[in-house]
Amino acid sequence: MSYHANSIEKELEIINIPDLEKEFEKSMSAVNHKKEADFIIGGAGSEYTLQHNISDFDNWEIVPSVIRGLDESRGNTATEIFGIKLKTPIIVSPSAAHGLVHSTAELGTLKGTFDAGSLMTVSTFSNELLKSIHEAESAAPWFYQFSFDQNQNLNNFLLNEAIRQGAKAIVVGVFGASFGRRERDIRNHFDFDSDLPFRQLAAFPEYPSGLDILKVNNRKRDINPEEIAKIKEQTGLPVLVKGIQSGADAIRAIENGADGIWISNTGGRQLDGIRSTIKALPEIVEAVNKRVPIVFDSGIRRGQHVFKALALGADLVAVGRAPLYGLHFGGARGVTSVLEQLRTELLNTMLLAGVTDIKELKNNARLEHSYPRA
Amino acid sequence: MSYHANSIEKELEIINIPDLEKEFEKSMSAVNHKKEADFIIGGAGSEYTLQHNISDFDNWEIVPSVIRGLDESRGNTATEIFGIKLKTPIIVSPSAAHGLVHSTAELGTLKGTFDAGSLMTVSTFSNELLKSIHEAESAAPWFYQFSFDQNQNLNNFLLNEAIRQGAKAIVVGVFGASFGRRERDIRNHFDFDSDLPFRQLAAFPEYPSGLDILKVNNRKRDINPEEIAKIKEQTGLPVLVKGIQSGADAIRAIENGADGIWISNTGGRQLDGIRSTIKALPEIVEAVNKRVPIVFDSGIRRGQHVFKALALGADLVAVGRAPLYGLHFGGARGVTSVLEQLRTELLNTMLLAGVTDIKELKNNARLEHSYPRA
Amino acid sequence: MSYHANSIEKELEIINIPDLEKEFEKSMSAVNHKKEADFIIGGAGSEYTLQHNISDFDNWEIVPSVIRGLDESRGNTATEIFGIKLKTPIIVSPSAAHGLVHSTAELGTLKGTFDAGSLMTVSTFSNELLKSIHEAESAAPWFYQFSFDQNQNLNNFLLNEAIRQGAKAIVVGVFGASFGRRERDIRNHFDFDSDLPFRQLAAFPEYPSGLDILKVNNRKRDINPEEIAKIKEQTGLPVLVKGIQSGADAIRAIENGADGIWISNTGGRQLDGIRSTIKALPEIVEAVNKRVPIVFDSGIRRGQHVFKALALGADLVAVGRAPLYGLHFGGARGVTSVLEQLRTELLNTMLLAGVTDIKELKNNARLEHSYPRA
Amino acid sequence: MSYHANSIEKELEIINIPDLEKEFEKSMSAVNHKKEADFIIGGAGSEYTLQHNISDFDNWEIVPSVIRGLDESRGNTATEIFGIKLKTPIIVSPSAAHGLVHSTAELGTLKGTFDAGSLMTVSTFSNELLKSIHEAESAAPWFYQFSFDQNQNLNNFLLNEAIRQGAKAIVVGVFGASFGRRERDIRNHFDFDSDLPFRQLAAFPEYPSGLDILKVNNRKRDINPEEIAKIKEQTGLPVLVKGIQSGADAIRAIENGADGIWISNTGGRQLDGIRSTIKALPEIVEAVNKRVPIVFDSGIRRGQHVFKALALGADLVAVGRAPLYGLHFGGARGVTSVLEQLRTELLNTMLLAGVTDIKELKNNARLEHSYPRA
């Protein structure tokens, strides 16, 4: 392939994720892949929601409890979802085309995620076949992110392959009935490189190339609530509905069979001007009322963000961009570095705030609204 | 004419309107028309209200609903006012002297607006005769913005001509009893170019040149509520009162016969230090109580702004500056590009927020206060 | 005298006062009087209060009323205090040493103020004798700002001279029991120039030079409430208490005989970290309950600020720095230009907001809290 | 020793502490000790809490009372704690390794603090032996900051030495069960210089060098509430618990024997994303309910900050960084200059706000919430 961003494998020294993002942009620009960096970093419209996904975490402040006799060695970030044991509550969100940043593509991310004791969600727009995912790392748990199409043959093709290759759950993306207007991409005339096909989609006989699918009009349909149950029945796997942003939608999803709620505004990449996910979280937690687990994404850049999301009721958080930065700089080991960085920051926050494990965090951590107040 | 800003006709590639504004300023400066650009872009006083007209949209955030089974092809922005069918809820506000930005002046705007399926409001301070408007594009619906004068002969002259040339409604501007202090214009010693006469005003026998009228003291009087009914009776046309900024004034206008309320602070060009129109909107919607349609202007720069204004109760929105930027860069086709850009952004917002048409938007869209931000 | 800042007499073209302030700083720096400019422009501490005096006006927004049938020619800013007719509600605050900016010193300010139909408050720290004030412009009304000293002989000397020279009222400054820490002055090692004596103070036999008095320890005492009545009795003149910042202090002053309340934090020059005067105003208006007139200063830079202060209950506003900028650039005519600029901005705001005179402004103008809200 | 930052002894001319901090950074960089400056100036994570510790003081505004007849000469900042008379309510917080900034290390700080009529808290991580502290300045009152270790032998060794050398109180630091992630230090690969041993720790036979202790895992344990009473019993001294950030922890500390509550987030150096101490103060004051004295630190940079903390219920405030800046530039005399600067600013604030002594400040000073600002 002529497309080349990086292929180095190494452990990373990370100060924090925001700094790593800046370095990523610089590094990608240096190898003539500024457009691809913009595609990954950017958001829709004015990027108001992208920015507020991050800055709205500052609307909550932690109140530590410090006379507890806690011992650092007892600090523990282990948790689980659907019976899958995880070393960390920070998992990997689906994102398209990991080949954009590193030659190992999704296989690098999968290995790095596994080494970090976490789990990965493989995107419909993966550069790798699900078969390769399965063969590369059969021990690693992974979810399959399913992006609904109007062509039911394609839907069946993808879901059946996901089952066959061992996905542990289906993550149904609900993004609305159109694509976000990402102005960076419009300005850059960004397009996916034909050297980086979406291999699983390309394997579907009706589309000669996986890339074409993005231009096919019939992708642009939202999912019906009833289709959640159908997917569940068809796959026999737990179904998480990803893209939930209100209590009403969470209830609708659960009543239609969802086994988990995944709060996301796809990192501010779809609709600009909407509220941040951390602002939406309390309403959704209340609506879900502990019936199913809640995964939270969009805006996580630091361990304190993870802490705050869990303290407000999320069960897991997911990160999409950060693992790609790690993948770019260090392949699988870079992905592990990023996930470990966030886990370390979370653990540090926990111990300094006065909690030693995730359960205690979720039950006892105290947050307070910062100034200003609505 | 020696005054020349541009005369190119072409479709535009637009990223967003704020960017287009910056390019407009640059382009006008390059042809020695910085003063004219400042006149169009600028606002009164410290431009506090100009800026808050835009930024106060951020005081509302959209809460999307995403499991609806919506299909992009069903998305529809059509609406109507006074029985006039429109492809878009985004119409053109009145603004003076379109000849400042393009040689086709108001005729270009009219054609571009028509091609976009929208309607234009022709200003009293037009560089074109109403007769030319009528003859150029007889199929295009247009409103006539009437700027009240103390000279009743002039008023009669203008209103009669508007009827004769086929205006679909009269938009009575209520701006207060003086002109706004636009500091850019004072600094620039801005004056309208004598090569660009206000042709319709110049046709009034008592004023040798249309430009002089701005210096005539007796223009500086506000309108009485009772005069609304008189204009309505005189013209037999629907009357919209433009410049409304409070519930009390909306009620006063309706009780005196107004057929529509047009919320506007003339884009922050009259009085600085007043509240933004989006801040004023809910109070006015409550006062109007669906008795007459509400047009909203001042601050609209993006599709999400249109969405928010409609979700809060407006029926149409109007844009004044943006079409001029389009006119400048591409004549009629540029105007169409601008109106289509905003319509496309709106439609995208609708589909991603979970509504497919304007009625559904107005009835079901959910907004939430953002945290107050300085 | 060797000290020289300017001596030009001319009318000024002013865009707005904030711009004039920047030009003033530049002009004073160009003639080696940056320290003096800093003394005038600067405030105490971190200048938090100086800045919030201005920016807190943005916490209120005007809601205009625009269908009134108002006629610009009826706009009128006339008002009065203690029976003195004024063309404008904007008077001149006391400030030290006008000789710092222009060779005509307080005599220039007095004439310029008179020509603007306003009144001036002469500071204890004037570079001119009260006799010169009296002789220069006997028709001009002026107040005498009295700065209380522990030396009763000095107090008597100054008050008696104020009576003899025709002061219309005594403005008793209450500033607390120390001097503000103005960091610019500390950094600059600012000191008053011996070429610019405080002539009236220097005329007091116990102090060889008027300048020395600032270093005399016994100035540093606050006034007692009972002393207000004594001054009133001694002078037979109305007494305004200047420096009031709370309802409790306003009540205390009135109960001890004050004929007027002058709200001021001396332009942020005394104590930093206190609330702005516009924030304090409503509480004081309620406490005063129309028993005596209220003068408001600190923060006024624009006509809309005057409008807001009057709408919230002030009767007059006062400006201290702005007339000095006018004096610097144009002598007496420059002072008139500045006062006319603010009056014109106020009148423009009134007419556009829907009120024609000061009484109507005070009774009918509508303000609304801006975002953010507490 | 080869490590050298400065050894000059002189009185300082200080404009304000924030400026001094900037000069400190510059001066340390000039002698190749930028890393050490970063260690002192910096905070954890994104430094959100570090910055809000300071800026949140602006969430309160002072309302001065100005007609009191106060006399500057009566102004008095004297106060006391545990019967120790102090000239100022501003004491010195514990901080590590004063040798980083000046060759006299803690002995310079001790003398400077004594000369300012204040008291110093000596850190566990002092570069000087407690014996040297005792001998250098036997008249100076000092507290010993005790940093709890899992090794009980070390704890006993340190506490016994503190008693022997005359500490007036034990300040037990409760910081959570880990070390803060200070990104500047991580980026700089900061480490303490072996030329600057922690002498008192190094005197403990089990650790060959005082520096090693920071790397010893067993330091990372939080304290139990019950251990407060044990330390109190063991030492027979008053025990202050430092690091309290909530009402619940204050109550827990008091119920377990604490003689004083020391509110601190260690200057934003431990956990980022937590609320500022000034935001936490009112809740803690209410919980303590005057049972024991409250020391307040983190964020104090100006006299108005001291004023606000005392007005909200603190009894003393403590500063950690500022004395180090003074020590750097002027040795003991520099420390005195810094403490006098803050005391002077406080006194100035008191007199201008209308209170003359600390008791009156605490009982009568009026604060008001400012408008919430981002």
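Chains: A, B, C and D, in written order; residue numbering restarts at 1 for each.
In the analysis below, contacts are C-beta pairs under 8 Å (C-beta built on N, C-alpha and C of every residue); 3 or more make two chains touch, one makes a residue touch a chain.
Everything numeric here is computed off the predicted structure, so don't read it as measured data.
> Chain C and chain D are the same sequence; what rotation (0 to 180°, nearest 5) superposes their CA atoms?
The two chains, chain C and chain D, differ by a rotation of 90 degrees.
> Give a one-word verdict, same or different, on whether chain A and chain B use largely identical residue numbers at their interface, taking over half shared as same.
On the two sides of the chain B and chain A interface, the residue numbers are mostly different, under half being shared.
> What is the chain whose Cα centre is as far as it gets from that of chain A?
Centroid comparison gives C as the farthest chain from chain A.
> Rounded to the nearest whole Å, what is the centre-to-centre distance of chain B and chain C, using the mean of the C-alpha atoms as each centre?
Going by mean C-alpha positions, chain B sits 43 Å from chain C.
> Please tell me the distance, in whole Å, between the geometric centres of chain A and chain C computed from their C-alpha atoms.
About 60 Å, centre to centre.
> Spell out, as numbers or ranges, the residues of chain B touching 2 or more other chains.
Touching at least two other chains: 372-374.
> In their shared complex, at which residues does chain D touch chain A?
Chain D residues touching chain A: 45-46, 48, 52, 56, 59, 150, 174-181, 183, 186-187, 217, 220-225, 227-228, 241, 243-246, 248-249, 252-253, 256, 265, 270-275, 279-280, 372-374.
> In their complex, what parts of chain C are in touch with chain B?
15-16, 18, 57-58, 61-73, 75, 302, 304, 307-308, 345, 347-349, 351-354, 356, 366, 368, 370-373
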